[in-house]
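Common to both upcoming complexes is subunit A, partnered first by subunit B, then by subunit C.
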Partner chain A sequence: MISVVTSRRAGQRVGRDGFLEVLHAEWTKFRTVRGRLIGMVVAAMLLLLFAVLTGVSSHQKGAPPVPIGPGSEPVTDSFYFVHQPVSDNGSITVSVSALKSSIPKGPGDLRPGLVPWAKAGLIIKQSTRQGSPYAAIMVTGAHGVRMQDAYVNDTAGPPGLVSGESPRRLRLDRSGDMITGYASADGAHWTKVGTARVSGLGPTPQIGVFVASPPALDGMGTAGSVSTAVFADLRVQGGRADGRWTGDQVGPRSPTFAGYPDGTSGSVTGSDGRLTVTGAGDIAPAVRETLPTGGTLREILTGTFAALIAVIVVGALFITAEYRTKMIRLTLAANPRRSRVLVAKATVLWAVTFAAGLVGAVLAAPLGERLARSNGVHLFPVSSLTELRVVCGTAALLATAAVLALSVGAIVRHSAGAVTTVLVAIVLPYILTALPFMPASAANWLARVTPGAAFAVQQTLVDYDQVASHYTPYNGYYPLAPWAGFAVLAAYAVVCLAAAAVLLDRRDA
Partner chain B sequence: MKRALHAEWTKMRTVAGPLWLLLGTVAATVSLSAVAASLANCTATGCGGDTAKLALVGVYLGQAPVAILGVLVIGGEYGSGMIRTTLAAMPRRTTVLTAKAVALTGSVAVGGTVAVLGAVLAGRLVLPDAGDRALSLSDGPTLRAVFGTVLYLILIGLLSLGVAAAVRDSATGIGVVLGLLYVVPIVSQTISDPGWRRLLEKMAPMTSGLAVQATTDLGSLPIGPWAGLGVTAGWAIATLLVGGLLLRTRDA
Partner chain C sequence: MLRRTVGMSSLRTAGAPGIVVAGLRKRYGTALALDGMSFTVRPGVVTGLVGPNGAGKSTTMRVILGLDAVDEGTALIGGKPYRGLRHPLKHVGSLLDAAALHAGRSGRDHLLWLAHSQGLDARRVEQVIEQVGLTPAARRKAGGYSLGMRQRLGIAAALLGDPPIIMLDEPFNGMDPDGIVWMRGFLRSLAAQGRAVLVSSHLMSEVQDTADHLVVVGRGKAIADAGVADLIAAVSGDRVTVRTAAGAHAMRVLVRAGATVAATGRDTITVSGWPADRIATLLSQNAVPFSEVSAHRASLEDVYLELTREAVEFRAATHTEVSR
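Moving on, here comes the complex of A and B:
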């Protein structure tokens, strides 16, 4: 009899006191405690403050302009070019019989294959202006023959090193905007490597041979390299050329070119039949290491790190304060379905933190970008869709971290323990990956399995197979895709929330 | 004062937290130092940098438990309501804070010395023998780095105590202190202007204080070793003063 009455009452309670009411109660609790709102305002302000600080403290005025490629991305376009102007269609052929590189700071001797992406070959380029359109076919230090154009496109040709015994013949055919590259081992049988449509070559593009030698990976950093190639049988067929070859360093002073190693310089020696060319630099998209003065959206939003600490404290206190003041007993007496209380808390906290983070990031990102640009800093370009992803992702990162702190707080029921645990889980990996001596494998592992993986949502840089660089979180390259990294944090938060709900049901409050 | 000190020492001794946090400091310092030393690129002529600083790098991590301990010494009392009993028993609030500071200094001095000497020992064992350039406490600058690092840990503890006395909550205190310590080293990496970066590193408690670990190339530091530790001491004194003032003037 009694049990029937109780169950009917319970049924009525659900109607009158549903999830919306619990949500409303939790929102009232959040809203009316001053410290929680202050914490959220502080988080948004920290995002803004550090964006302004990063913006005003960077100073690149007066530096040479960053070369920009046809796709409006920053590029490296510094190399040694032996060229002459040619109009009309035609073709150019050459035989490369040696490509040797040296890293003067490390092993100093010229050796083949030492710099994997050292390049020597044929190029047709609108002009010697940096960033102008081109197409090229080349032999490389360790990646065989390649055809490249527009700085970002790369097609593989026949593999193998070149030497005096097995020289490699290269050919570029021009027909209007269409450039076709061929390679051959004997000069009789040609293999087509690729075709590129290069618009904007102009009436008299420069054509000729080039040598480039990008910085080599050296421990945690890079070391300047220089390469020397031997060319023979350089011939231009068709087209109208004036027949005189000129040797020039393209882009000798550029933010994307560290210059020649000490004691070396670019040069060309020999006659028309046989040329020995020495060069450094690269023709490639710029990455973080080759454009060290550049800025990224991630760096503008560096305050995320500080804002995280604020929202983690608020998130943990949202439940541990109830345990401290014994308010939790009242809460649970009013809402006996305990997991619903926890879900309501998590919903309120996520929504409020997301809103605060969104306001902070929406204001901080454009303001920081504008300040940095007005100080002459080149920012790696992002599409508006990417910018939206970074801004929303930053807000979601903060909100999800706050929910993780709430869940851990509900599990350990102690504010200091909860804050410490979550800071160690999210912030410590971030600090460790930012240590300069951290090996790439360890940093990538941390950025994959810890909740700190969520910082991947702020990445805007693209890595390129044809550019050797340290693609580490320290440089802004994450092993996981943006939302995959975020999903790692979300998984931790969901698992902890579920564990907290189970424990809340099982334990006395 | 003597009785206040005895009371604070008893509180510290009879709770498990402080001991575990100090053990955490030792473990974090020694293990990070050992890992860093094993990753270092060493040749017969040395390790391409500052060996003492490399061996003591574990303090970057080991200072976090010290900061948490400093916060909990007073923040924990606010959490449990114990602070009211403490202040009822010892109405002179400045004396209470001083006694807490002294007890904290003593325990961090012991834990910090063990941690730092452990890190040096780990460095000696892991780093290849570099002949006369090996780590040795008889070397003046190395001794200064080791002694200064222990002092640095004590100052971080006191800074945390002052912050916790001001905010009266352990979670907020931990957030503020760890933010104060770690935000500037992270942020300064994104600042491309060297003048700004040096200014920030000169002012922040962690980057300035850890200048005391440098033994080579002192000219390139943003701030001198002892002057840097002085900045950290300034932070500790300032937060203790503010915390003490608020403790005197506010309700507990």
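Moving on, here comes the complex of A and C:
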């Protein structure tokens, strides 16, 4: 009884001021083995090396310029436009009575199909220049009426499909920069869908009807589609217009480059009363699949996986080497409160790896970006806050992976076993998700539940509801938010560290 | 039951320097590594922990250092369990395995992290390096050290906290004769400074000129715990060997005088309980011819062999017979 009280009191005293000494000891241990410092430098150098290689090896000089939207993001801006210039405020209405899409099933074999984001409707746009500001109201293949502007904004209107029996009437009102979209089933009762402020429309914006038809998802790839809409009762009220409608392809002139299936092209037929318009393409933010040549910060930091190997080895050996030489007995004799030793090791390792990773990423990111840009690569833009998140997240990913390796090392007490386990847990999912033929469901599952989920901190691409695409880790889209993905790895590390602490305390040294 | 034992031990030895090991029991699967190990290590004395390999010497030392848990029993350092010590290296300095160091770290850096863990600084490191004579090699990688240099480095680590208790597991192993002589002198000087010194060995010859007190272990328990002189006397008994051609005559004379006599060879008899000069006088007075009358004196090796043989035979009473 007495001794129990005594030892608890002693323990509390140690608890208050002993940790810094253990931390100091573990730091001295870490820094006095040259191989560990070299491992950290190697990790930083690998980040830099891969960034340079990625930057140098990319070559996009002479490629057509990527259309840039008003928010300075890359966009897709390619569609068939029946238009005329209109100045001053006013209103335009139309009735859409059909929207049919076709998808090729083979060469020359075009079949009717559903393209959910096929678009037909009214648009007001600064000019036919790609990337110019606009606002539009439209019917879609499967998402009802939508009001969209500035490429990224999307507002849902009344749902439902259009047909000859139930045409949909659309209206755009302009009042200065304010554009308001309406929809109606009968032409008498109008429902307001949304209002957009569109700056930079200029004195004589182009106004008219359009048809766009983005590539349809086809298995693990996409297939170009083409859509045809029937418009009636196209009327412009107010504003000054000359009344002559012109049909034009916005974007690449060549049907193939504009995304039309073989043997099709954009067209408009009929009189003023009734127009049949065929078009392909999309008016939307660019995503990985629509801008495959675009570079991302994640690709520049592709050396992360190589750096991971280095820090995992250093992390595991930080404790398994002590088991191999039995020096762990000296360590634990010097610090009988064992979980403290483990926490001190984890703290030192995390801090050192984070510092090394931060130096590597801070140098690698801007250097790689510069090299890639000088080779004509368009990089998906990131805000400085996002860049900071990617750089710090990469360092934190490396540091936390090293701590996971340390914890596993403390559990298995065997260098090769610990290194292999952690590599399999982190690097293998990363490699598997990078395989193009990996099914999206499997890749997304891996990127959710394995420690490899932490690669989400490097995500800079944004997925858009209004753009159908394969948002898979392979394309640079992770199912979890950046820090949520990191939290998965952190949870693995914390759980393993706790398990290691319990085992360290229970086992004989 | 266990808790009561803990309480009593700590009360009895509260504040006492040295090591008190009481009733340690530890089982690895079906093998019993420690089976009621009990002994005390006192300050100012070199205590030898001797016994055959596998007798539980190293396990006991690991238990004392809080490295291995026991199923039963206590090991206390100055009345406290090791795991409750703050800066334990200032209480107990130990060397379990001279090879237990990172080959890529210099000897000095090895001592430096250890010093930092105890709130000590580099000056103390330089002092112990000089004390064990490792200064020329201190900044070289420990992977290149000879076994003797590693032993010295391990001793330096044990001395780092200037502890009142020093515990060394097989410190003579692999040492050359010069090293053994140095080690003996060193251990004696540590005891002379008032420290409690515990040294294990599987060879009695290694500790016989060094230890003042011996704990002989076999099969996981102490089978003898006594001073070196007491141990020798206990095993020798006060027997006298008489070599004579007239054995039968000599025995008759001695038995008539009241001595306990046994014939132990063709021309030797052994007499118990009488000093040698009295036997010689008696034989001369009765005109019994003899060529030798000598007191039997056991060597420490004899003691060790006899005790450990008994341990192997597992006689339960041995402990109480031999200890004081």
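Operating definition for what follows: the second predicted complex is superposed on the first by the 477 of 509 C-alpha atoms of A that agree within 3 Å, B and C clash if a C-alpha of one lies under 4 Å from a C-alpha of the other, contacts with A are read in each partner's own complex, and residues count from 1 in each chain.
Please note the rule applied: a contact is a pair of C-beta atoms (placed from the backbone, for glycine too) under 8 Å apart; a residue touches a chain by one contact, two chains touch by 3 or more.
What you see is a predicted model; the values in this text were computed from it and never measured.
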First, second, both or neither for A:Lys326, with subunit B first and subunit C second: second
Which of subunit B and subunit C A:Gly35 touches, first, second, both or neither: both
Touching partner for A:Gly18 - first (subunit B), second (subunit C), both, neither: second
First (subunit B), second (subunit C), both or neither touched by A:Ala142: neither
Touched partner set for A:Ala509, first subunit B, second subunit C, both or neither: second
Partner chain(s) touched by A:Ala499 [first = subunit B, second = subunit C, both, neither]: neither
Contacts of A:Cys392 with subunit B and subunit C, given as first, second, both or neither: neither
Which superposed partner A:Val419 touches (first subunit B, second subunit C, both, neither): first
Touching both subunit B and subunit C, residues of subunit A: 35
Interfacial residue positions of subunit C with respect to subunit A in the complex: 3, 6-7, 9-11, 62, 65-69, 80-86, 88-89, 94, 96-97, 99-106, 109-110, 112-114, 116-119, 157
Complex contact set, residues of subunit A against subunit C: 1-4, 6-7, 10-11, 13-14, 18, 21-22, 24-26, 28-29, 32-35, 321-322, 325-327, 329-337, 506, 508-509
Subunit A-facing residues of subunit B, complex: 36, 39-41, 60-61, 68, 71-72, 75-76, 79, 169-172, 174-175, 178-179, 182-183, 185-187, 189-193, 196-197
Complex interface listing, subunit A residues touching subunit B: 35, 50, 53-54, 57-60, 219, 293, 295, 299, 302-303, 305-306, 309-310, 312-313, 316-317, 320, 324, 377, 415-416, 418-420, 423, 427-428, 430-431, 434-435, 437, 439
